[in-house]
Amino acid sequence: MIIQLEKDITAKDKENTLKIIKAEGYSITEVKTQLGEYLVCLSKNDSDIRKMGNLPGVADVHRVSDSYKLVSAKWKLNNSSITVEDLTIGGGADFTLMAGPCAIENEEQVTAIAKHLQANGVPVMRGGIFKPRSSPYSFQGLGAPGLEMFHRVCKAHNLKIISEVMETAQIDQMHDYVDIFQVGARNAQNFNLLHALGKTDKPVLLKRGISGSIDELLQSAEYIFSSGNEKILLCERGIRTFETASRNTFDINAISILKTKSHLPVIADPSHGIGIREHVPAIALASLMAGADGCIFEVHEKPEEAYSDGQQTLNFAESESLIKKLNKLYRFKKTELALL
Amino acid sequence: MIIQLEKDITAKDKENTLKIIKAEGYSITEVKTQLGEYLVCLSKNDSDIRKMGNLPGVADVHRVSDSYKLVSAKWKLNNSSITVEDLTIGGGADFTLMAGPCAIENEEQVTAIAKHLQANGVPVMRGGIFKPRSSPYSFQGLGAPGLEMFHRVCKAHNLKIISEVMETAQIDQMHDYVDIFQVGARNAQNFNLLHALGKTDKPVLLKRGISGSIDELLQSAEYIFSSGNEKILLCERGIRTFETASRNTFDINAISILKTKSHLPVIADPSHGIGIREHVPAIALASLMAGADGCIFEVHEKPEEAYSDGQQTLNFAESESLIKKLNKLYRFKKTELALL
Amino acid sequence: MIIQLEKDITAKDKENTLKIIKAEGYSITEVKTQLGEYLVCLSKNDSDIRKMGNLPGVADVHRVSDSYKLVSAKWKLNNSSITVEDLTIGGGADFTLMAGPCAIENEEQVTAIAKHLQANGVPVMRGGIFKPRSSPYSFQGLGAPGLEMFHRVCKAHNLKIISEVMETAQIDQMHDYVDIFQVGARNAQNFNLLHALGKTDKPVLLKRGISGSIDELLQSAEYIFSSGNEKILLCERGIRTFETASRNTFDINAISILKTKSHLPVIADPSHGIGIREHVPAIALASLMAGADGCIFEVHEKPEEAYSDGQQTLNFAESESLIKKLNKLYRFKKTELALL
Amino acid sequence: MIIQLEKDITAKDKENTLKIIKAEGYSITEVKTQLGEYLVCLSKNDSDIRKMGNLPGVADVHRVSDSYKLVSAKWKLNNSSITVEDLTIGGGADFTLMAGPCAIENEEQVTAIAKHLQANGVPVMRGGIFKPRSSPYSFQGLGAPGLEMFHRVCKAHNLKIISEVMETAQIDQMHDYVDIFQVGARNAQNFNLLHALGKTDKPVLLKRGISGSIDELLQSAEYIFSSGNEKILLCERGIRTFETASRNTFDINAISILKTKSHLPVIADPSHGIGIREHVPAIALASLMAGADGCIFEVHEKPEEAYSDGQQTLNFAESESLIKKLNKLYRFKKTELALL
């Protein structure tokens, strides 16, 4: 059971509410986010939730049978949207585009890509500063020194920034330079990191684990929400299966299922989802039809020279074509197709 | 190396060609289909294929490095289309729709669904006569007695028929009652059955194995082609992964990849691909955008009363809406989107 | 519910029993095997099974909640053993060894291996006459002509024969030449074949499907049993996962779990289970400790020259060492270790 | 190429060596551990390694083609053993046993289990202080307050301690209270944590990721080694597959393969590997035969009352029996079986 409290609930009413719920045998987690205040109440027994709804200071009560609670669509029936200044992700009129290189390499590279994105109306630039790599001998990213440059170039081109955070200590380091924190697939169950990201005020794009189930993705999102941050984007980026013809198996089912299980926006990552450049546009367009609210993909002026992931990175011409198609298809879906 | 022979090659020219190829160290498989005559030539050494191309009676020569040969796009660069009387599948102006119940239950059921399909312009009706079921105690299909009725009703409604064949002995039994043979996921590597289907003159829709790789699907198709039947439809129907939120994981990547690896038409089966009724339309629309040439889905007048697979079967209203959307989206993709 | 009938039940008692069970709302499958006669009774309702137990002609009654019935350990609490003439598999004093080449190649090859097996006390020789191969252009086995030779050589060396059957039509063809039919992983859900094997009087070794679940393996075994043949050996041969360092992932858990879920003997196939020659002995020994009743492995005089599977085939020295270790370890397990 | 330097190499010789290697086009990572000093040299070109071997101050040179280097068996041909005070893990005369509860709950629980372990000669006690849990609402472990108590009780019973570390900040916090750091499956690719553990002087038991490949496990170990810590134990704990009859699929193949790919000791975790109490002993014994150097399992005085993982936890009687069997089997394997 989740209880949403009124914004102006009095201390006395709250105390009284807690007392009554405890008396019913619930264990309670108090959650306070940027947007509201909630009581997550767990119990093995059922009780009549209607009487909770009538308590002074209580705004809303819902039973949520899922293993995740605050991120469940059983709790919040309408889709959430996340705002980043003037940008709205999810539930809006636009399909949100995020694009950029796998890794930030140097100012020349960033500038060329930033110009491309600005020219094509992409509002958010992606780029790794800290790169998780399987081998310790591979390029690990520019690290902190690259942050300031990445931020400066993006702001000069009116772009928002999303970049991966790999450990708690990096949150403060990155905070003033990024608009959205990204949690990578390998950290999808790094609960300490998720908990710490719940304490920030910036949105978090949470990638599904390499072999994470849909339920586990939502439980990881619950860590962030229950620690205080409601601004969460769920990201499908392909799962590990027996198939070796593609880098990962993009789970298109997950897009559609996440949209009914949760109220959070869902972003598709077709670049990692298939891992083969020529097929990225097909998967991007498919994910839009399956219900994604946006798409994050890799683009580079010269993919063949990229420090990493070149084999799945679009060049500017491919990127421009895909952006136009996604925008046009989204409008078609929202208008003509929606009538049928 | 694949050598396509002229239709009117003389016995002497053929003999001469075989002699020359053998002399180069190739082992040769002679393939004769409804449409042409080929020599599949395997060797560990490379030889200059140009000289083969100049032999009298030789129409075409291609090197094919894939493990599959005649179904490879390296052999036949243009997409194949399959014709069933007046119906063209693949490469055509239309997105091919096939729909119907999981299992044929009785004449009343078949008639209701046939009317629905005819009214909505679906040209092919699916329906299982022989049902592969995990448990020997589950409903195994009407068997042979259902065939005549299924055929009669479909023909009365101007519908073509696709139905699953489970063993070699059923091919003759079913031949005069179906227009397309379906090979189920559990028989995707039943090589004796595939070989026998290569001897028929009717198209075969070949489903990917439950954990079959893309390469294995194409090698299974190669069994049919090399036994004499070129009319093959490849079908993605979801693979088995760790995820339990859906019945299978629909491999949207496979749609796009199959379209570049092979010249054969690709059909999506969203019903088995996700296994949850409310999500079937999203996956169907997504597979169209990923490049599928058609779609086979389950529909029943009363899904909740279906003998099998009810949980993934659309009712008539859902089916009608999906059909309209698929047709409209396909035209949009072929026209406005193709210009970008 | 499973009801075992007395061997000498009268027609009248049987008719009466059926009437009473039907009246309770059960659907009944009558099963008659080499060893007994059973009624498999399914119903959504529960009824008091005690009264069934007291009916004249009824030997035993058990409730079985599993999806499989006659192969369940809930039905038959003691381990079954299978006899092939003088050989007992399962429940016995010995660990059953079966070995031989992947494919039967020629008389010289068979003779050399047969001598090796006889000299080392291996009672059963394996060898493929019909080979399921992913590609139609690979060696498909000697076919029928090899059968007589394989049989002759084995009998001359006092060996029993196990060989794979790929379709119903081969059962009669092979019947007089083999002692145990093997069903391969690709046919683990070829229900027509399983049903037909239920009509033979020879034991069947049933391999788990490439991505078959433990439950599906048991349901496939149920097809054979319920069609009339109780002599079934379950075989774990590795499953398909994301790991590429081994050919398959040998599911050691399945060995232990199958021994509690079913009363049937369990045979390990370490050759396919790991697919790498140097590791086959380790997996064989591990599977013995996990509870296997026997082991089937690949051996060849010159593995590097084998027509197929050479990379996972032991030579004679490796084979001899493994056989000695398995025999010694099995005795140790049954005696000294069992006391702790 | 890996170059091991002499312990007393002069600054000048080292400088000279670096210069020569760079001139050959290698990029160099300098690694200094508790035990030695190495140069990991990567290049796309091959060069004659013999001349490097003759340089003053160079102890040894090896070419290593694996993606991992210092942990590869191609570099160090003999098995490594890890010492923790008087305990030797790997390469030794004993099979290393580690056991204890999933989570440390309270002093009474710890004391009872510590007594049991001491009485049965188990040298290392496991127990989670910080617990990674899928849901934020599940028991998260006692946290720091439990550390001192756990340490005190173990030392009173002459037990060494292994416990999971979840983030870099916990390393210092735990350092004085544990003898071996454990990295859990969810953090198997938390590269920042692995890097930081490379800076400690205590051994690290590294669990394989939930869907981590064998190569990825070794690359993660390489992070620890190349950051300065050679004392690494590799742990197989089951992988995620489609099978749902067990919690994970214990990859017995990985035990045998890791022993040839790496020189590091390998520990089996049968408790997580199968996740079902009654089957844990079978998997433990199997993993010993497959080549494991030790085993870590869960034991609790009253498994049914454990805060977590009770379903896979042995009670004292089961634990005692298993310990005796493992010890006896290990001796048998090292003596009588080794002679065959």
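Note that the chains are named A, B, C and D in the order they appear, and that numbering of residues resets to 1 at the start of each chain.
To be clear about the criterion, a contact is a pair of C-beta atoms (placed from the backbone, for glycine too) under 8 Å apart; a residue touches a chain by one contact, two chains touch by 3 or more.
Not measured: the values here are computed from a predicted model.
Trainee: Note down the smallest number of touching-chain steps it takes to go from chain B to chain C.
Mentor: When the steps are counted carefully, the minimum from chain B to chain C is 1.
Trainee: Between 0 and 180 degrees and rounded to the nearest 5, what angle rotates chain A's CA atoms onto those of chain D?
Mentor: So the angle, rounded to a multiple of 5, is 180 degrees.
Trainee: Going by the average position of its CA atoms, which chain sits the greatest distance from chain A?
Mentor: Between chain A and every other chain, the largest centroid distance is to C.
Trainee: Suppose each chain is reduced to the average of its Cα coordinates; what separation in Å results between chain A and chain D?
Mentor: Centre-to-centre distance between chain A and chain D: 34 Å.
Trainee: With centres defined as the mean C-alpha position, give me the chain A-chain B separation in Å.
Mentor: 38
Trainee: Measuring from the mean C-alpha position of chain B to the mean C-alpha position of chain D, what distance in angstrom results?
Mentor: 49
Trainee: Mark out which residues of chain A touch at least two other chains, giving numbers and ranges.
Mentor: Within chain A, the residues that touch at least two other chains are 211, 215, 240-242, 244.
Trainee: What residues on chain A touch chain C, complex-wise?
Mentor: Those residues of chain A that touch chain C are 211, 240-242, 244.
Trainee: Show which residues of chain A lie in contact with chain D when the two form their complex.
Mentor: On the chain A side, the touching residues are 27, 29, 40, 42, 67-69, 132-137, 166-169, 186-187, 189-193, 195, 209-211, 215-216, 219-220, 222-223, 226-227, 240.
Trainee: Show me the residue ranges of chain C that touch chain D in the complex, using the header's touch definition.
Mentor: Listed in rising order, the residues of chain C that touch chain D are 211, 213-215, 239, 241-246, 249-257, 260-261, 273-274, 276, 278-279, 282-283, 285-291, 321, 324-325, 328-329, 332, 336-337, 340.
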